[in-house]
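See the structures that follow.
Okay, so chain A shows up in both of these, paired with chain B first and chain C after.
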Partner chain A sequence: MTDPTAITTDGATGRPAPSAGPSSPSADAGAAARRERLGHLLQHHGASLVLLGLAVFGTVAFDAFATGANLRAIVVSSSFLAIVALGMTFVIISGGIDLSVGSLFVLGGVLAAYGSRAGLLAALALPLAVCGAIGLLQGVLIGRLGMAPFIVTLAGLLGVRGLMLAVSDEGATTYLVEDRAFASLGQDGPFGVTWPVWITVALAAAGVVLLQRTGFGQNVYAVGGNEEAASLMGVPVVRTKILVYLLSGLLAGLAGALNAARLSSGVTILGIGLELDAIAAVVIGGTLLTGGVGGVTGTMAGVLLLGVIQNLINQVGNLTSAVQQVVSGAFLVLVVVAQRVLSRTQRLT
Partner chain B sequence: MSKQSGRCRHLPLAAVTAVALALAASGCAKTEDDASSQSGADAQAQQQVAQSPAGGAGATCTLRQFGGQKFDLKSAVVGFSQSEKEANPFRIAETKSIKDEAAKLGITKLRVTNAQSQFSKQIADVQQLIAQGARLLVIAPLNSDGWEPVLRQAAAKKIPIITVDRKINARPCGDYLTFIGSDFYQQGRRAADQMIKALGGKGKVAILLGAPGNNVTTDRTNGFKDRIKEKAPGIQISFEQTAEFTREKGQQVTEQLVQSNPDIDGIYAENDEMALGAVTALKGAGKQPGDIKIVSIDGTRGAVRAIVDGWLQAVIESNPRFGPLAFSTAQKFLEGHPIPEKVVIQDREYTKENAEDSLGLAY
Partner chain C sequence: MGAADAEIPVLEADGVSKRFPGVLALDEVSFALRPGEVHALVGENGAGKSTLIKVFTGAHRPDGGRVLVEGRPVAFGSPLEARRAGISAVHQEVGLVPDMSVARNLLLGREPRTRLGLIDLPRLHAEAERTLAELGVRADVRAPLRTLGVGTRQMVALARAVSVRARVVIMDEPTSSLEPREVETLFGVVRELRDRGISTVYVSHRLDELYQLCDRVTVLRDGRVAHTGPLAELDRLRLISLMLGRDVAEVRAGGVTRFSGEHAAAAEQPVLEARGLTRRHVLNGVSVSVRPGEVVGLGGLLGAGRSETAKAIVGALPLDEGEVTVAGTTLRRRRPVGAAIRAGVSLLPEDRKAEGIVPGLSVRENIALAALPRLARAGLVSEARIDALVETFMRRLRIKASSPHQRVDELSGGNQQKVLLARWLAMNPRILLLDEPTRGIDVGAKAEVQALVDELARDGLGVLLISSDLEELVEGSDRVVVLRDGTVAGQLGGGEVTEDRIMAVIAGDGAGDPSGEERHG
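Then we have the complex of A and B:
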């Protein structure tokens, strides 16, 4: 989807992407350069490669894996996490963390269902306005007042869920989506793939452009890489931070709203632990938790990887919940270890 | 729903005939006394649970009404979607019952998923079961609302859905096939009967409520209170607080209770975990078994053992063994017989008289 070198130039090593020029003095050096390029590729597309491997495995091992219906089920259920993880990618690259997204997701859904009584526009505007405002507030606290993102967004996680419970009468009231056009936004779409999937693809493409091709994107990398240096170079650190949390809040609210459209109701028990899934997807996708490195395509591969792992577990179909957790945990370790090993081989060459 | 056994007697003859057709075995005729007198029978027979229809005068559903096609259960892919981790006795017994019964019937393609208490995952799980070609779905729903995408897909493929233990808010015999579960209101009433018996009709009772905002808690509370009001006006409910169905909270709340209301005579816990928490608290407060009469609902092994030890007076079972009933209902439906739109699973009752002998039946 994007140019891999665009990420690597801003990469962990800080080295420019290697180029195996025709002027290589010897064949050995040429081979080394090729190996190094391969190392780069593996590190930054580790999630994509593991995803590919798992997909091949699934196709061979299970008849019902590589069917249109099953693949559709995977992308449809992954799309909501993908939208949340997209915002999380910006936050983590900027060196922060956003724990409030799970709560914003469920709040967005409840508000969308509530707003749908007044039509499609209200169903979208209400969650975006509220979740955006909360994201903005968190951004201001983190950016302007210099508070720790972990604490600010942890407060958001608790407070926003409380707000949702207040709106939904302690979770006892489930608002049903009244507006047919809004429900259709979550349930219909071209080629048998629902709109949230297309919206995710469009947003991810926009995210790639925003991160790689705009000044804002450069600032996000710069702030995450070294905040003081960025500040000295004249990067608007405060504004950049505020904007990433605003973006994350808006996307979490949007994902919640689209999910409410899909379920035709503002379910109040959603989003618990969603922030951890989003963070996991981002990290699996090659974005460093310390900030400054990462990209959107990796995150999307990470989201799909989580979806495929769950699907494969369901394909087996007789694992107990305990074993399921062990298996998905083990897979995550495997991916991260693979990335680590690959990046070390690359440094050695 | 409120008067399960009572309603059966008042059913019009036509409905009774229909019910008799639908229910080959037992049904309304079976009373609680039958259930408790069976305790000597072998465990296998005990797994067979009685059923009775509820809802509008025995509304039933046939394959033709539903619009589905007959298929062979044994060779079909059957999906079971569990809502919570198998980390508490109820869920363990529920999943085991479905798996065991499928194995017994020779259903080889049973696919089991577990949503780990995440509703989004449960929706994805069921959609993936449909994508795997499931012809029958048994679902233990985490939430009653939000099933639209699943119901749409299932309806398009005419896949019958049987929901167990909790309901889906949708149309039976259309959006889904039928619901199999306990009558929680009735459980509350039966718990009240046991409490009245234990207290001799008068005293002060505290209620440990379940988690707020779900029908299990509301029904078990209302059933208990209604029955106390109509049968034993001498019993006063002087304390009510949620302990969220957990043992720790049950202990915590009871510790406060014995401080603030030292004259309490009985505790009604809306599940076993809270009751066992209460027992720990009472032990800590220096009480002896039987000082405060405790009645609870669920029927876990720990609680039935507590009856034997004298700490609990009675436990009303909430039966998690849906396997036999779920598959026999599906089988009848596929053979073209009418099935009820709601099937009530029969819950046992553990008291001082039968607790020792029935310990093996508790889950």
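Then we have the complex of A and C:
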């Protein structure tokens, strides 16, 4: 993978190949700049490149991989994680972490199914309101009171799980989705692709614009990159932090609601541990856990990558889903090692 | 800039005091920055420069006195308020976001927008390029800030300060890691700012730079203003004597230190030889040698590379070039501190709290810490042997503690220093590097530590003594190596070791003999 990339990098910038002369300082600087660009490329598009590679491999190796039905299945099952990971991307770029999203996802599903008895609007509004409020509360604790995101959202994870169990009578009551319009939101859609996928695409596009082209997005990068400097430059640090957790809570609730619509019921056991998948997808997508670096497209590639790995393992057939987790885990380690190496080549000064 | 404006200082401290637990960091300091001037702020460690800067930038609130901006009293509640009042500090490390692009850093919060309210990237980049070009800085505004050199990063910080309409720019040691070429560009930018009527407070230890760039100077010493006035009227020697608090004319006959003068430094081979220690921006070919029983002083201003030399010798500072020989054996410089310790070199660091004592542990544990591997047999350490060792050193160094099990952070500064000394003496070192061994400890303890250093040298230890206290340096050392800007500026031996001569060498008057090192090589 390294070689073709290096050539692309050179071609893209139109830089002449290093001259044949002895290693003059400028040639060294050129090499450093090339390494820098290569590192940058891998950091931001590494997940996409691996995704592409795996897709090619899947197409060649398995007849059933590149079929419309299979690809649809991959994107549909990935879309819920993608929505959660989108919010997680903002949180992690801001230098935080949100462990509560798995619980919020489940709670959102239960509340949506419960609310669907009062119609489509309630089915969406109830989970968004509750999960948004919980996200907001976490954001206030982290932003205004300066508490550690890990602790606050771990408390959120446990507390929300308890809340979900209370709502569902310790899981004994499963609310079924009763509103036809709401169920159709999870099960139908144009061109044979269900609405959650379209919603994910729209949200991801909005996320790119929000992150790259608005003041809020700049603030998220600034806070995650250097909080002290950000505050000196007049960035509203507290407000930015509160907003990212609010956003993350809202998106987790929405993903849970859409999942309930797809399954026609508020399932209380699916989605436990989803926060870890979301973090994995974000990190695989090139966002640094230390904050300040990353993006939405990488996260989306990371989500799809996890989905494709799972799908390929299913294609093999005789492997259990446990193997999928081992492979995902191994992949995550690889990515983190690669980031470590890359950040070393990039931060020479 | 009207003539009337010139009368009102753009930034002023009027009798500002600031007290920290145990220290009066600023004692009624008055300072006035005129519009469009470059004002040097100098002083040794602990003189109060950083505290004054922090008062100006809103990081500290003064306990007494007033801060005025253009004649109006202000009370900054936060650094952001100071920035809004037009006072920008340009630090090397903080102030910008390294992973964001140059343009985004430069215009954060003031990005040009499209009609939809989104950030207009083409205009963002164009505007950033123009802002930098006006200051004569060329950089790829799309690149992440961290890919730029330190110098260019500082220019970006300056450009940002200017573009948010700063009236005062405070620069703290801006050139300490710049290449000469970058320094030139930086000076160009500072002069450009001056021409636009922006005032600069310039903190640096590099006298050459001060004389090149600054109009006036304020010298702080021990929290008080020692001098303020036009820089051109002050010659170097006078400036240094003001910083160090030593009168040029004043010749001291008998000291009050407890050093007993010359040691029997026989014409033996040096036990420690450091040759050509070099590290970019920090040390440039520093060579020092110490013979058994000799106390060699390392003099120079703050930032001249004294502590760095000591750290380089023990291997705590990675070197680009140079080698260290202990008793004829060359230490491999890639090896970390362990090699130096095993070879018998011990460093008593400058910052006791950060680099020396382990506050939560007892006196006994602190003393035994480094010696543990030496006391261990097959990985097990005999408690009795530790007790014996600790007992010996507590008695020998007269460490005042209620028991060996008292927590070390409950002791006085002087006793903490002795605990550290005991730790290294327990290693049976051949060479002791002492970095400011008496700073921050009371007079009595100071005399005891000084007497101890003397005693150790008489016992045949080679000692490298770093001290900002000229008197201590003169009376404690047999020879003094003077550093300036990371190089050996001169070496004084025997009768030449006087405060006047040391100051003259620091000032660069050629009084020392830079090639003196060769005689011992």
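Annotations for the structure displayed:
What we mean here is this: the second predicted complex is superposed on the first by the 288 of 349 C-alpha atoms of A that agree within 3 Å, B and C clash if a C-alpha of one lies under 4 Å from a C-alpha of the other, contacts with A are read in each partner's own complex, and residues count from 1 in each chain.
Rule of thumb we're sticking to: contacts are C-beta pairs under 8 Å (C-beta built on N, C-alpha and C of every residue); 3 or more make two chains touch, one makes a residue touch a chain.
Since we're looking at a predicted model, the values are computed, not measured.
When both complexes are superposed on chain A, chain B and chain C end up sitting side by side without clashing. Of the two partner chains placed around the shared chain by superposition, chain B is the only one that A:Asn314 touches, whereas chain C remains out of contact. Between chain B and chain C, B touches the greater number of residues of chain A. By the touch criterion stated above, A:Leu107 is placed in contact with neither chain B nor chain C.
Legend: residue contacts after superposition of the two complexes on their common chain; A:Ser264 is shown touching chain B, with no touch to chain C. In the superposition on chain A, A:Gly292 makes contact with chain C only, while chain B stays out of contact range. By the document's definition of touching, of the two partners only chain C reaches A:Ala229; chain B does not.
In the overlay built on the shared chain, the residue A:Arg213 is in contact with chain C alone; chain B does not reach it.
Using the contact criterion defined above for the overlaid structures, shared-chain residue A:Leu246 touches neither chain B nor chain C, since it reaches no partner. Within the superposed three-chain model, A:Tyr221 lies in touch with chain C and out of touch with chain B [touch as defined at top].
Closest CA pair between chain B and chain C after superposition: 36 Å apart.
Those residues of chain B that touch chain A in the shared complex are 82, 84-87, 95, 99, 110-114, 116-121, 123-125, 127-133, 142-149, 152, 212-213.
On the chain A side of its complex with chain B, the touching residues are 64, 67, 69-70, 72-74, 76-77, 80, 170-172, 174, 176, 183, 186-187, 259, 262-265, 267, 269-274, 307, 310-311, 314-315, 317-322, 324-325. Against chain A, in their complex, chain C makes its touches with residues 79-80, 83-84, 94-100, 104, 108-109, 111, 117-119, 121, 144, 146-147, 149-150, 160.
For chain A in complex with chain C, the residues that touch the partner chain are 36, 40, 209, 212-215, 218, 221-222, 225-226, 228-235, 292-293, 346-347, 349.
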